[in-house]
Each structure stands twice: as structure tokens, then as C-alpha cells.
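Following this line, the structures themselves.
Two complexes are shown next, each including subunit A; its partner changes from subunit B in the first to subunit C in the second.
Moving on to the complex of A and B:
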């Protein structure tokens, strides 16, 4: 520890800290623009100049390391003169038209110029003009003349997002921040540069000119998309969500937010919103009062339960539903005598059901992931599935951790990987088994060697591994590897409530049917909560067939989607940000939130709809007057940590099938902006490169074998369905594999996410 | 695509640096491309970025930072006329005027046949020979008079 003095206050700080860090610890503000605690030091704005005793001239606080006995003056005559001088230079080329700037009112430069700027400018010559850039549908760089070249955006994309998509080109007075040959920025974390930009150069394109910061009400919420549980500051005006910013929490999302979390709110105002209850009468959809629709649904269910039997009713929900919704759904289903309820719609291997000791979870805190020195990531489109967690892992790797990956696609994770095994889906189990053996045999190279040499080993199963038809074996082997290396093991949950669903008991017990069996053995009636059957299920073909064959489909949905073709009654529910509820994140953190805005039209929070349905069905114990009451009944007094357990009986070693190679195998990802109903309807997200129409990716040798050129249209078929898509070459894919996305309307006619698939010339 | 000749030159350059610091060769690589093609197109920058394993934007930053890289075609012979103080005092204005008269182009322009281009340059560190220009950044021509310029252009015309 080192003793220094800032403005007469004595401070103890760590050796190696900078003056600005020490000052912030002591609560002393030093004006700055380019400094950011999460980014490397650039020291190029010079705003943080301070006087240091015995130093001949002012020093930048952000780049000056503390030294024993150092005396710093942040507001002395010399320091303030330097700061005012810098401010005058910064304003030389900065437009002085705050009233028409979108950043006005929340601008660091504006605030700082109040403290350090002159009353009027001494500069009367021409200001430099920098042309606006088009950086894509999310970030507006319309007014680059406002840029003060602090390079925060450049450093963020390079250091945190992992890809240098922006840079500072040209020199001196001509220097400007731009992308390479006018490209867009395609990072899944790009929205953070809007928060980082201290001026109005980079602003939010969807939010541009919508409101002033002081007109907005702020509500806390939690992200409903990936399983991280990022904190959201929801800014609303006139009962509309106008933007979403991160709530800083070092233990969860630090100060970042993925673009999905940031811009998904635009989907709330989609023209596809379902705002009135509707019933299909004689093949025609009619808007009806709530009472009529609810009674129709309840009567239908009661009729079936009394006739064909309650086990003929199945309830499916997405893992983005709140804990309260899932709890009431299963309570109602069990109340009428059906045990068919599930939220794991994309899962295909349910063999651990009943054996699993608790709810599968991350197995550690999110912070632990960042502390790991050896990682094994199995079956994960990490960057797209968990963008902010990927950034945390990227930082760990930057600090010396080794990341290893076993997967069926080799997407660039924008971090150096120690080892990778890219194999076809049916070879993943075999590959893991070999690594488990190699770890046991104390092998010193490859993935086994990397893991064995670590102190803090982390083994993570991604979405792909959990959706895999042999997920149970993958889990057992991965667990075995983690145990053999004294490491931690966990699941990267697919959605916001992947853990919460288990706590809400929204899974079938022994006598009930799971999501896959409910569709494989079609039920006479289905209750869908937030589900788009053809997009959210492991096998869209099967799901749609089951829906079409059913006598009664009750869809609780925020949108008028494809359900209009198979449902009998549509009940408008409030999507996230319009409802209160609770999500349990992958690390088991329980986070409740209130609705940020009122539901649109006649839409109602789903927990209220389910409560009334429960009452109409005369199920006992449905007298809830708030979502908090539901939560308290569901998990109140529950020892959450005790409920989270990844352990499952090790059955893996016994039955490892040899890889089969009959025809081409499908590898499917859920594209980052196709994961749930709200995201699918967010116009700005749908305009990004990540939301492009899915293509059929094959190794170029496979393309040659098929006699197909990349860019040609091909017929892709699976089961009874086929779709026409463009073929594309990806030589990083294993041979014998076809990568086709799921969760997208263009591929909804296809079958299961795994299994054989055929491709032919169209 | 980078030509085999450029790749050979870059490989030779890379030997000067540690194996994990390939981007150290970026300035040389840009120079080789310019020597061969007369200018550096964005595609060339992408190729260099790929070959050296660095971000395209980082190559672009370097290429735009240094004045002597041509970011657009500047003719077979780029005449870079020094316009700094010494040359200016010794008549670089006359040099430019004479070039304009002879070639019909001004600063930043290229003749229609693509043979000559004129750029503005900074001090070449040889003020004793002012006024001066360089040919393709390789050959310095000093103590320029109209006659001497005509003579140089006649030489270049022949090549």
C-alpha cells in the first residue's frame, strides 16, 4: 500500500494504481473524457490534468501512477488553468449547438464545459467538419463533427468486444473515428459505444430525437433474453419504452449490455401486437371481451378434462416466461389433473429427468467464470448466445486464461483459443469421452493437458450441448472432466428463466409428459404461454403438426403470430417490461421487477390471466392479488442455493454410441435475434447483419460433392418438409455437417435441430 | 491478392521482428504494395491485414496516418512537390505553376493518360537544394528551374 495525499486528503492506495483511480476511491472527482475504468489508458483528451507537487508541469491523472508521499492538487490554480485550457481547445472544433444535439442534457462535454468552459468562445475561425458515417441500424454516427477523438469506442470494440471495427484514421486535425471502407459495426455489443461516447457523436439510432433525458421516467428491470440477468434501466415517456440502458453491477453485466438486451424493447411497439382477446368462430377470428375468451378457454379445457381426460391437455411455455407465470401454469395444470407441463422447448434429451438432483445451473457465480484460468466450453455459440459473458471470458483469456472449445461449428469467438475440437454433433460424446480418458491418464497436451495444468478450471455446457440428443451423456462426461481437474461445472442457461422454470416446478413429474413427448404423442389440447410453436420448439415440423391436429389450442401471446392458423383462442398477454415478475439467472440470482409501462390495449400480465383461468377452472389456491404473492408461494422461504444442483447419476461411461455417418447431419443455431418473440419483432435488431436470412452452410468439399456452388439456391429437406435457401461455404465446419439455423420463419418447415438432413440442387 | 513478389518481400521483412509481432511489418508491407501498384487500395489493405494477422482497421489507420502512402491512383510517376517554408521561399510556387502548365494538372490530380500525378509534400530534409520534388518518394530532384523540370519530364516521357 502507498500513502498519497489528494487535495489535502490522505489516501492509502495500492501500488500501481493511477492518480484518477485513487481520487475516485476517495470520492474526489477529476474531470475526464477518454478515461474509462474498463478500458485501457489512452491519455489523449488531457482533461484530467492535475498538479503534482515537484512535477514541473501538470500531469494527466489517468496515466500517472501513484508514488509514495505524492501530493496531488486537483483544483489548484495550476490544475484548473490547465483544465480550462484543455476545455477551450476541445471546444474549438466542437459545434456549440447543444439545443439540437441528441446528447444534450446528458453530455459529459456539456456538463464539463459548465465547470471549465468560457462564457463565450475566443475562436471565430471556421470549425472542422467531419462527415457522418453509416454504422448500421443501431448506432448513429450522423454527427461526427461532435467527436472529440477520445477513442473510447475504438478501445471498447477492440478490447471488450474483441473486434477492431472502428479506428482513428488520418492524422492531426484530419483525424476521424471511422470504420474500414464505410462498413457497419456488427458486434453484438455495439450499443455500448453509445453509452461510452462522452459527446453526441455516437447516439442510439432508434432513440434519436425521441425525447430529452430529463423527460424520461426511469424504471429498473431485468433482461428477459439471455440467462445472465443483466440489469436494465428502462426509460419511458407517455407509457412507452423509449430506450433501455444498463444498470451497472460488477457481479453480473459489469457496465455493459448486449445489443439484444438494449434494443429488444422496440419489439414492444410492433404492429403485430395482440391487444384484444380473440376467438376463432367458424374459421373466422373475432375480437371478444375478456370474459368471453376466458370462459371459452376454461370451458374447452374443462370439457376435455372431463371427457378425454386431463392428460390429453399439454402446457408449453418458453423459458423467457416469468417465474410467476410458470408457477401458476403448472399449478393450474396440476389442479385440473394434468402433469404435462414443460418450458424446455428446445431440449431433446430428457433422460436425466427424475435423476437430476436439483435445478441445472451455472454451478458457480458469474464472477467465478471471469476468475477461471482454464475453461472448457462444450457446444456453445458463445458470442451470440451469451454476448456479455463472452466478453467476461474474453477478458479472462486476455489476462492469461486458456479457453478450450468442443463444438460443431467454428465461429470466431474473437479470442485466442488454446485448443479446439470441431466435430460433427454425433461425435461430441466420443470426443468428450476421449478427453475424460486423457485427463485420467494425465496427458499433458491438448485440451486435457490444458485443463490439468489449471488451478481454477471451469467446464461449461452451452445451449447446443443442452439441446443435443445425447445431452445427458455430455453432461455426465463434462462433469467427470470437471471433477478430475478439481474444476467447477455448470450450464450456460438458454434463457432468462432457464433456472427459474425448475424452481417454479414447470417440469413434468414421472407421470407427466415433457415438451418433446407432448408433441411426439399429440395431445387433444394445448395451452401455449409465449410460445411460437414453429420457432421455439426443438422440432418445428412436429410442433406444427401437433398444433394443427389438436382440438383446442389456447395461446397466451403478446403477438398475433402464426398461432392464428392453429389456435382457437388468443389471449393477449403483456410481454417483459409490461409485466411484473421474477427471473432466476443462470447463477441462481433471484431478481424481481415491476412493469415499466402499462400493457398495451387490453393485454394483461400473464400471471393475472392464469389466475383467472385457475379460478374459472375452480382450482384451489388461486387467490393471488399480486405477482409478489405468487412469487412468495413459489419460492418464498425456499433455500435457492440448496435447490440448485448439477449432479446427476453418472451413467455416461456405459453407453457411448459409435459415431454414425449416414448422410448429412444438421447443426442448428438459434440466431441471436431469433431467440424469442419480442426480439423477433424488434425492427432495428432485425435490420442487423446478424438477423440476415439464414443460409445453408457446408464445407466446400461437401458443396462440390453435391455439385452446388456457394450462392446457389438449394433444396433443404428434413422429414416431410423442405425449404429453399442459399448455399454458402464454411470450410471451418466439419465434413458431413449442414448448418441451418432454427427459430427463423425461413427454416420453420424443417424438422429437428439435430439429425439427418438432405441438401440438393434446386 | 498480394503478388508472390510482395509476399516474398514481406516475409523477408518479418524476419526482423519476433514471430508474435507480425504487425510490425505493416509499414513495409504497405510500401511494397505502393511500389508495385502505385497506390494502396482498400482490398490491398485487407490482404495485408489477413497476411499479418491484424485488424483491417489497424492497417487503415497506419495507411491514412502517413502522408506518403497513396490512397488513390496517383499516376505512374507521382511528383511530390515540397511546399514547406524553404522551398516556398525558393520558388516552389513557380515549380507548381510550371508543372501545371506542362501537365495540365494541379495538386492531387493525375494526367488523363495516368502517367503523372502531383502531390503536395512536406519538408524532405534537403533544404539546401530547394525548391524540390520527389519522384515516387524514391528519387529527389532539387534546385528546380523550369528548364530542369522540362529535362526531367523529357527523361520520364522516354521511359
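Moving on to the complex of A and C:
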């Protein structure tokens, strides 16, 4: 520890700290722009100049390391003169257009100029004009004349997001922040540059000119779009969500948000919103009062339960439904005698059901992932599935951790990988088995060597691994590898309640049917909670067929979607931000939230709809008057640690059956902006490069075999269905593999996410 | 070796290895290798020579070399700063063109001293001919065993790579130069850390000016003491002076430190065509200007010039006769720093343009009386507030001009035309 004195206050600080860090610890504010605790030091704005005893000239507090006995003066005459001088320079070429600037009212430059700026400008020369840039649908860079060249955005994209998508081009007064050859910023974390920009140069495109910051109400919420549980500050006005900002929490999302979390709210205001209950009468949809719709639904279910039997009713819910919704759904189903309830819609291997000792989870804290020195990530489109967690891993790698990956696609993770094994889906188990063997044999190279040489090993299974038809084997082997390297093991988790669904018991017990078997053996009636059958299920073809064949489909949905073709009753429910509820994040953090705005139209929170349905069906114990009451019944207390357990008695098979696939195998990703109903309807997200129409990707050798050129239209078929897509070459894919996205309307006619698939010239 | 230890002319033919060796070249390198001179001994010799950085900052070379970590296992680098971009300065160019081997030898000795295996010579972007000469010289030296592995048969390895810059003035700043070698935009880094601990590619690095390295062989051969005695106390040795402007015979002159300016002016053939000396910028365009009456009594060494209110800088002496309009001169100087600011840090990016615009206005008859105090106030806010010294370099000429020639500026503002 080092003793220094700032403005007469004695401070003890760590060796290696900078003056600004020490000052912040002591609660002393030093004006700054370019400095940001999460970014590298640039020391370019010069606003943090302070006087240091014995230094001949003022020094930047952000770049000056503390030294024993150092005396710093942040408000001395010398310091303030320097700070005011810098402030004047920052303003000379700034347009001073605060009245028409979106940043007005929450602008560092504006705030700082009150303290350090002059009342009048001494600058009477021409001002610099910097042309606006088009950086894509999310970040507006219309008014780059406002830019003070602090390079926070440049450093963020390079250091945190992993790719230098912005840079400072030109020199001197002509220096401009711009993208590479007029490209857009395509990072899945791009929205953070809006928060980082200390002026109004980079602003939120969807939010532009919607409101002044002081007109907004702020509500806390939790992200519904991945398993991390990022904290959201939801800014509303007149009962509309106008923007979403991160709530800083070092243990979860630090101070970042993925673009998905930040801009998904735009989906709330989609014209497809279902705002009135509807029933289908004689093939025609009619808007009806709630009472009518609910009775229609209850009567239908009662009728079926009394007739064909309750086991002919199946309930499917998405994993981003709230804990309360999932709990009431299963309670109601079990109350009427059906055990067919599941939320694991994209899973295909259910062989651990009944053996799993608890809810599968991350197996560690999110912070632990960042502390790892060796990582093995199995089956994950990490960057797109878990953008903020990927940034945490990227930082760990930057600090020397080794990341290894086993997967069926080789997307750029924007971090150096120690080793990677990119194999076809049916070779993943074999690959893992070999690594397990190599670890046992103390092999020193490859993935096994990397893991064995670590002190803090982390083995993570991604969404792809969990959706894999041999998921149980993958789990057993990954667990074995983690155990052999004294490492931690866990699941990244697909959605906001991938853990919560288990706690809500929204999974079938032994006598019930799971998500896959409910569709493979079609039921006469389905209850859908948030589900878009053709987009959210492992096998869209099968799901849609089952829906179409069913006598009764009750859809609880926030949107008037494809269900209008197969459902009989549509009950408008409130999506995230409009309902209260609870998500249990991948690390087992239970986070409850209130609705940030009221539900639109006649939509109601789904937990209330399910409660009334339960009442109408005369199910016992449905007298809840708040979502908190539902939560308390569902999980008892907030301490759920005992219910989380990855251990599975299923041991790795000693002899791995050799892969038996002939022809091409499908590899499916769920594109980042196709994961759930709200995101699918967020116009700005749908305008990004990541939301481009899916193509069919093959190794160029495979394309050659098929006699197809990249860019040509091909027929892609699976089972009964086929779609026309553009063929594209990806030589990083293993041979024999066809990558086609799922969760997208363009591929909804296809079958299972894994398995054989055929591609031919159109 | 003659008293003229660095400067050669095309006629001397020292660019050819044979001629250089015949003239006593590479004896210093041979000496340190055969005598197995210790690093401490070499550094002591360099310290004794009083050699100070010839690029302009005048930092004691021996001291700089002693900053390099000694027991360091990893890679270290040696870099020669031949990015000679300061207006008025043209001395390093002539070393590269006419005596490249003295630089190679000096760098090899430095590399031996600091246990460095790889060196870079960063050459200013506008002197391509010098680059070609350097390349040819390095190739010759490599073939003759003065560069590469087992130099002169000893267990010593060093290779030198010439790197063409792109002509940016700021890349003469040592850390911007490092960034540029790394392939990045040439922008100075903030210091600390200094290059000795975090230099090229993050490795310990020593950077010296071309002339500094070129002085080393003499110091090793003849001893530091002898070199020091060529000059005056605190300004050891001899130095190249580039004299330009209104003189009859501009060019580079190698003179002992402490030589009176009067003598240099005489060597340069005096002020052109019988004109009268008005002012001199004694150390490259960023140094404060001094009027003739001060200049004619000044000796060219670090201390004398500092006492007179300017600096020795790179030793580029810019001479102006009585026909020179100081407003116009300053406008031109200020435009240079405005144009060459890298744009990284605020005071320089925003301040250099402001300075230039005001001076431009004055020159064009649109000046206001309050402009002069505004200029000085801006200079105060730029100098000492920036990442690198370019801010100072932009401010000093303005301060110097206004200190000695304020009347001329006031006249310009009042009468909207030149006094001269």
C-alpha cells in the first residue's frame, strides 16, 4: 500500500494505482472525459490535469501512477487553470447545439462546462464541421461535429467488443472518429458506445428525439433475452418504454449491455401486438371480451380432459417466460391431471430427466468465469448467444487465460483461442471422449494439455451442446473432464429462465411427456405460453404439424403471430417490461422485477391469466394476489442454492458408438436476433447485419460436390419440407456439414436442428 | 580520425564500406569486441564524453543507456530516430547519405552495450535517397560481418532494419515513432512508462538520434574525455549545425560546441547580399526566436542559448534578415504545427488551429489589438499540457516572436500591413 495525499486528504492506495483511481476511492471528483475505468488509459482529453507537488507542470490524473508521499492538488490555482484551459479548447470547435442535442441534460461536456467553462467564448474563428456517419440502425453518428475525440468508443470496440470497428482517422484538427471504409458497426455490443460517448456525437438511433432525459421515469428490470440476468434501467414516458440502459453490476453485466438487451424493447411497440382476446369462430377471428375467451379456453380444456383424457393436453412454454408464469402453468396442468408440461423447447435429448439431481446451471458464479485461467467451451455460438459473458471471457483471455473450444462451427470469437476442435455434430461426443482420455493420460499438448496446466479450469456447455441429440453424453464427458482437471463445470443456459423453469417444475415427471415427445406423439390440445411453434421448437416441421392437427390450441401470446393459422383462442399477455415476475439467471441469481409500463391494450400479465384459468378449471390453490406470492410458493425463499445441481448419475459410456450418419448433417444456430418473440419484432435489431436473411453455409468442397456456386439459390430439404436459400461458402465449417439457422421464418419449414439434411441445386 | 568526425561529403566516398574502413571505420566496434569491454565501461565512457541527445531534447546519452534493464531475459530493441522533420534541420539526412557506416557502427556498439539484437532505423518519409543509401550500406555491412550473427567472429549478434516513415513530423517524437514502426497511426504515447521499460512492441527500447549514434565510434576510439574536450562544459563534443535562411552559403557545418554564432554565420558566408541580420531561430523552428543583437553575442551550446532565452535544439539555425516580416514568418511556422498536430490530445488539436487562424488574420489585416494577449494566453494553455512536446513546439515560436517583436505585430494590426 502507498500513502498519498489528495487535496489534503490522506489516502492509502494500492501500488500501481493511478491518481484518478485513488481520488475516486476517496470520493474526490476529478473532471475527465477520456478516462473510463473499464478501458485502457488514453490520457488524450487532458481534462484531468492536476497539480502534483514537485512536478513542474500539471499531470493527467488518469495516467499518473501514485508514488509514496505524493501530494496532489485537484483544485489548486495551477490545476484549475489547466482544467479551464482544456475546457475552453474542447468547446472551441464544439457546435454548442445543446438545445437540439439528444445528449442534452445528461452530457458530461455540458455538465463539466458549467463548472469549468467560460460564460463567453474567446473563439471567433470558423468552427470545424465533421460530416455525420451512418454506423447502422442502432448507433447514430449524425452529428460528429460534437465529437471531442476522446476515443472511448474506439477503445471499447477494440478492447471489450474485440474488433476495431471504429478508429480515429486523419490528423490534427481534421481527426475524425469513423468506421472502416464507411462500414456499419456490427458488434453485438455496439450500443455501449452510446453510453460511453461523453457528448452527443454517438446517440441511440431508435431513441433519437423521443424525449429529454429529465422527462423519463426510470424503472429497474432484468434482461429477458439471455441467461446472464443483466440489470436494465428502463426509461419510460407516457407508459411507453423509450430506452433501456444498463444497471451497473460488476458481478453480472459490469456496466455493459448487449444490443439485444438494449434495443429489444422496440419490439414492445410492434404493430403485431395482440391487444384483445380473440377466438376463432367458423374460421374467422373475432375479438371477444376476456371473460368469453377465458371461458372458451377453460371449457375446451375441461371438455378434453373429461373426454379424451387430460394426457391429451400438452403445455409448452418458452424459457424466457417468468418463473411465476411457468409455475402456474405446470400447477394448472397438473391440477387438471396432465403431466405434459415443458419449457425446454429446443432440447432433443431428455435422457437425464429423472436422474438429474437438481436444476442444471452455470455451476459457478459469472465472476468465476472471468477468473478462469483455462476454459473449455463446448458447443456454443458464444459471441452471439452470450455477448456480455463473451466479453468477460475475452478479458480473461487478454490477461492470459487460455480458451479452448469444441464446436461444429468456427465463428470468430474475437479472441485468440488456445486450441479448437471444429467437428461435425456427430463427432462431438467422440472428440470429448478423446480429450477425457488425453486428460487422464496426462497429455501435455492440445486441449487436454491446456486444461491440465490450469489452476482454475472452467468447462462450459453452450446452447448447441444442450440442444444436441447426445446432450447427456456430452454432459457426462464434460463433467468428467472438469473433475479430472479440478475444474468447475456448468451450462451457459439458453434463456432468461433456463434455470428458473426447473425450479418452477415446468418439466414433466416420469409419467408426462417432454417437449419433444409431446410433438412427436401429437396431442389433441395444446396450451402455448409465449411460444411461436415454428420458431421456438427443436423441430419446427413437427411442431407446426402437431399444432395444425390439434383440436384445440390455446395461445397465450403478446403477438398476433403465426398462431392465427392453427390456434383457436388467442389470449393477449404482457411481454417482459410490462409484467412483474422473476428470472433465475444462469448463476442461480433470483431477480424479481415489477412491470416498467402497463400492458398494452387489454393484454394482461400471463400469471394473472393463468390464475384465472386455474380458477375457472377449479384447480386447488390458485388464490394468488401477487406475482411475489406465486414466486414464494414456487421456490420457497430466495436461497435456491440447494436446488442447483449439475450432477447426473449418467456416466460416460465407455464405448462410444461410431457416428452413423450418411449424407450431410445439419448444424443450426439460433441467430442472435431470432431468439424470442420480442426480439424478433424489434425493428432496429431486425435491420442489423446479424438479422440478415439466413443462408445455407457449406464448406466450398461440399459446394463443389453439389455443383453449386456460392451465391446461387439452392433447395434445402429435411423430411417433408424444403426451403429455397442462398448458398454460401464457409471453409471453416467441417466437411459434411450444412449450417442453416433455425428460429427464423425463412427456415421454419425445415425439420430438426440436428440430423440429416439435403441440399441441391434449385 | 579527424576532428570532423561525422560529417562526410560525397567526395569522401564514405558511403562505401571500403572507404569507411580505410578511414579508420569499424575500429571502435572491433575495439569493444576484442577488448570485451563491459557495458558499464562503455556507458562510463559515453557519460564522460558529455554527449547529449542530438535530436533536440539534449538528454544525456550515457544516462539514457543506463536506464535499459540489465538482467532482462526477453527481447530488447534499439531504435535510431532518423525522422528528421523539424523545419531547418537537415543534418541527419547528410549522415545517412554520406556516412551511413558511422551510424551502423555507433548502433552496433550501442546494441552490444545494451545486449540488443534487433535495431530499427526510422527514416523520414521525404528522403527516399537516404533510405536507399542506408539499405545498401547495411547490406554491405552484413556481408562484411559488421551486422548479423557472430559479428567480426565474436559471439555478438545485431541486425539493423531501415524503416521508411511517411513524413509525419510527429513521428519524430520517439513514442509516436514506435507506434509507427508497429504499423499504427503515429501518435505519441503518454509517459510514463518510458521506452526503456515499455518501448517497441512493449519491450525495453532505447531510442537515440542519428547524430547521437554517429558520435559513438569517435568516443570509443578516442575516449570520452577527448570528445568532451572538443566542446565546452555541459555541452561536450562537436555538433552538426544546419544553417539556412538568409545566408550566402547555407548548409551543414560540424563545429565544436560553444562555437560563437558569429563564427557559424561567417562560415555560412554571412547574411545574404549585404543585408542586415534581423533575427535567428537557433535550434530548429520550434525554438524561440532571438533578435540579432542577442544572437551576435551568443555561443552555440546548451547553456549559453538557454541563458539567452532560447534553446540549442537540433542545431538548426534559421537566419532572417531585415526584409523578413515577422508576422508572415510566424504565420508560416504556426501553420506547420497546426498541420502536423496528430490530433490526439485536446490542447494541441484545438489550440494549434486557433493560434494559426489568429496569426493568419493579423497577417491579412484583420487583427485586433486584443489578439496578442489572447495568443499568449493560448500558448500558456497549450505548452506543458499535452501528451508530447508538439504543444510546446507550437507555443514557443509564438511566445518568442511576441517577446522580441511585439511591436511589429501591433503595427500590423493597426496599419493592416507589414512594418518591413
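Simple rule for what comes next: the second predicted complex is superposed on the first by the 756 of 762 C-alpha atoms of A that agree within 3 Å, B and C clash if a C-alpha of one lies under 4 Å from a C-alpha of the other, contacts with A are read in each partner's own complex, and residues count from 1 in each chain.
To be clear about the criterion, a contact is a pair of C-beta atoms (placed from the backbone, for glycine too) under 8 Å apart; a residue touches a chain by one contact, two chains touch by 3 or more.
As the structure is a prediction and not an experimental result, all values here were calculated from the model.
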Partner, of subunit C and subunit B, that touches more residues belonging to subunit A: C
Partner chain(s) touched by A:171 [first = subunit B, second = subunit C, both, neither]: both
Partner chain in contact with A:180 - subunit B first, subunit C second, else both or neither: first
First, second, both or neither for A:336, with subunit B first and subunit C second: neither
First (subunit B), second (subunit C), both or neither touched by A:163: first
Common interface positions of subunit A, toward subunit B and toward subunit C: 167-168, 170-171
Residues of subunit C touching subunit A in the complex: 168, 170, 185, 190, 192, 338-354, 357-358, 361, 374, 380-381, 384-387
Residues of subunit B defined as touching subunit A within the complex: 42, 45-46, 55-58, 60-61, 64-65, 67
Residues on subunit A engaged by subunit C in the complex (per definition of touch): 41-47, 49, 56-58, 60, 63, 65, 82, 85-86, 88-90, 92-93, 122-123, 125-126, 128, 148-149, 167-168, 170-175
For the subunit A and subunit B complex, residues of the former touching the latter: 158, 163-171, 179-181
